[in-house]
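Structures are listed in the sections that come next.
There are two complexes below, and they share chain A, which is joined by chain B in the first and by chain C in the second.
== the complex of A and B ==
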């Protein structure tokens, strides 16, 4: 039997988090719209109004009035049509966003086995040297600019030794094609080493706590007590906070590998000054990032109900 | 009553070896590395400002296309049009060094104001400010930059203002956490009781005496980040445009020839970016360790 009284604080915490996310997205959308409204010259804003079917019949220039109509159109999925190719923006975003999420998800996923192996090697004296060396090499690779590192990686793997395919076919993405972009996104942006170091220091902090000492004295297995607090929670927190940074790095990676993702869409829209497409892509990116942070918070609250009292 | 002489850390009369002993060999290596790189950077800025370059950075020399380092006076080789890489590297410092200080100043100043305002004012202000901070954090920095570039101009100072604004939340969060702990301490109460004015308590006792480590390390970190962002934007074609050199667009123009085997013309600016970035990141890491006596 589940006690309803236990679920109540969890539900209230989740609803609070949901309210927070929605307010945040509203604030962000207003900020983006305000930036567009204040664009130098009337031309940019006027062209945006003309490209948006819901807005072009209104000639009122009251900011809040136009913002409200624009927002209600955006909520129903109408982001207008692209200025360059005339296609609806939403379709292009849906086509491309999935590929970027695939890349980012795998980049975060490969850090899990890596962190576990690195931590396990840190405990054994024989492997301590290997784990330190790997950490130093990864820290150096994280500082190397990613746009040079990826060219060198392509040169070594494809041109020089012919291990991996060079081109990418957008219809059927195989894991072999994904290997290089995912590895570069994870290593070159420094996310891998960041997650590893912070999880390690958090684990060592937890191992010094009193309840671990008590568990040891009792003869219980320590990993059962440490796993949740020392590895799962910090990794969840770190991963959800790295998503925004990974989207930034993704733009460069997608540019180099011709990956059909949201980063290339953003780049193309900026190059063409295609404001409706750019605005739609920016809002979709912000929405995705906020959604991942909300989901990670949800997981955290469900796994650790004490957190709902904060 | 006789005075008791307590031995104090007197840095004036201490020899170099004693200093190294105090802060540790690893930290002193990091500090000297980053200070050497930053001094070289400032020196290079003045060299390019007074135009003491060995070659004209926009002078084409078609006899020496894509030559490796140390060929006929070209210390670091030439690029795909035969322009001297060393001169272009020095001239490329101008593209970011002064503008990125703007980013640092904006981030630190508004970070301090946000943190102090969110601690010492009404709860509703605190909540609003944290909401604004969260909304900035939910945006990837490069995406925010794209938005500003498409709507306004790709001017370097606009770019640096945006980088400064996007770094406010990280400074504000660190400062808020620190001040939140400090305001409960008894030395603040005794300062208030002895009649010191509030703004002098906040500026002197809280910000300067206890938070300057955070401010120094964060400003070095933001400087590194601004340099990386400028290089990335120039690489993507939105920053400095050819023929004016910037380290980002030097890597970009060289990377077309990298896959054919001509490594040098893009590797050298990439290595320069790496050295400068690692200098600023190590400085930020070491300053916080040395000044907080955690070595």
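== the complex of A and C ==
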């Protein structure tokens, strides 16, 4: 039941979102470049220019001029080469970003069945206790520092019982190996309990709405009517906003598990003062976060006929 | 009347906990009425007198503990009569000190049982129109989608095109200006009157035998009110529906209903035909008289009608009543009268008409 008339506001809402995203990324890139331009120590910016294949032939020091050349190089995928190992930045970023996204994606993915089961159990009298207990335990785990929690988890699962491997690498990866880092990322950062509790409270609010009462009065299944506003929208919103937070938590997890993700790359680049790599990693992370938010907004606009009128 | 009534409610009582959860207050007590096939029944009374609670009870939608505590609701269809309140465990009203988990669990069990009893009735046999149609439609789906859902749930039509055609025919029947376009409209894109029409279309799409209208015209302007009332009247004649209409607008009741119940503080204080109760000047409950006066003058003459005499067991209307004579004043203060038949089908709950 799709009508052409409804597609027009959706298209305009999407183009508006796209415009916002691009503006935001442009502002960020300028800000980052400006910081580099004004970096203390005379040689930092100069060294960066010399290392970049597109920029080293220009000797103008006009900020905006160099920025636009740099930006157009970035858009075509040229982020320069690393100052430490001389490899192109883009290749390293793509590889590491992929590894991080793998972790974050799974951490968010496991929250979906978890939240649904937890909420469903909350409605059944016999399972209420289990659902409450799980929530309490998760709340406690969420306030424990994540690096400490990780070492305890590794000690228990790997050292003590020799069940899971200590270190993991993306080349020979199995789901069993990913279980621990993904679970820690989702539980230890508090994302899981956050999503669960907010979705739950949102659902209870929606259940009191008039249209839910009417749905029951007309003999329809209630879950069909509350699914959108009570579960999908809050989860979509929360998950897309937790991505930024998960990227920063990832640094700790990646360090502990020796996982070559973008967090570790950033950390390493900061340690080595590898400016091109640092710049590229920051931009790539920002781009990914904005992209997920854009995609979630896109889903929201498509599912909610009102959104395009807001 | 030898015919089996469509709906027969007897001794229905509904209770709520008060705000501190330590005591129960009575929302409805001892409600009894019956509704014949094709009959149109009106319910009037002030806000908080239990009109909406009655309607929700008829659909088993009371969500707050303890809810329905006693009574029967008998519904007849195809020559079989079922009691919708059967198999409900008795609610332990006596051990209420606070809502313990046991009581809560018992309430949940009752709710499940209620849902099971009412599932076959909701939508299919009894449809409801809410006061605010914009809030009653799910804002995330189009009007057409929701009407189609109703048709798919409760009728035998199952092919998608036929369902859509049926929904469109209903939209046309309730007087939508452009059914094809409105089919894809979302509730927020419709005006109040159109939304109410769509609501009626949805309620009738399942071809129910009883339509309940909870203040169908409140919030609409006078011309639209008239339109909607005419529509309801025509549809009732056409489909030979039974209807229950709740309103505080006496004109609505007078136009549509043959019989009327007057509610006050959770009790029926007067019932009879519309002519007897609202038109004739003699033999009225004092409260009904005041309602009619307020309607005419838009100024209430006698004191504050919100003061209710519930605590000490007297007539709830005792403090506001201006027709207490010395003959009955003592009885009025001490005990609550029962419904007293003064005519064939006209009953009044007032000591004035009792022999003391």
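Basically, the second predicted complex is superposed on the first by the 306 of 310 C-alpha atoms of A that agree within 3 Å, B and C clash if a C-alpha of one lies under 4 Å from a C-alpha of the other, contacts with A are read in each partner's own complex, and residues count from 1 in each chain.
Here, a residue touches a chain if its C-beta (ideal position, glycine included) is under 8 Å from a C-beta of that chain, and two chains touch if they have at least 3 such contacts.
Please read these numbers as outputs of a predicted model, since none were measured by experiment.
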Put the two structures on top of each other at chain A: do chain B and chain C fit, or clash?
fit
Is A:229 touching anything from chain B or chain C once the two structures are fitted on A? First, second, both or neither.
second
Quick one: is A:210 in contact with chain B, with chain C, with both, or with neither? Answer first, second, both or neither.
second
Students often get this wrong, so check: with C-alpha centres, what angle lies at chain A between chain B and chain C, to the nearest 10 degrees?
80
First (chain B), second (chain C), both or neither: which does A:305 touch?
second
Which of chain B and chain C A:286 touches, first, second, both or neither:
first
Quick one: classify A:297 as touching chain B (first), chain C (second), both or neither.
neither
First, second, both or neither for A:219, with chain B first and chain C second:
second
What's your read, chain B or chain C touching more residues of chain A?
B
Classify the contacts of A:44 with the two partner chains as first (chain B alone), second (chain C alone), both, or neither.
first
How far apart, in whole Å, are the nearest Cα atoms of chain B and chain C in the superposition?
14
On chain A, what residues does chain B touch that chain C touches as well?
none
Which chain C residues qualify as touching chain A in the complex?
59, 61, 105, 108, 119, 122-124, 127-128, 130, 132, 135-140, 142, 144-145, 149-150, 153-154, 184, 186, 188, 202-203, 206
Which chain A residues qualify as touching chain C in the complex?
1, 3, 5-6, 125, 209-211, 213-220, 225, 228-229, 303-306, 309
Chain A partner, complex, touching residues on chain B are 131-132, 134-135, 137-143, 146-152, 228, 231-232, 235-238, 248, 251-252, 255, 258-259, 266-267, 270, 273-274, 277-278, 281
Which residues of chain A touch chain B once you look at their complex with the stated criterion?
20, 23-24, 27-28, 31-32, 35-36, 39-40, 44, 140, 143-145, 147-148, 151-152, 154-155, 159, 244-245, 247-249, 251-252, 255, 266-267, 269-271, 273, 275, 278-279, 281-282, 285-286, 289-290, 293
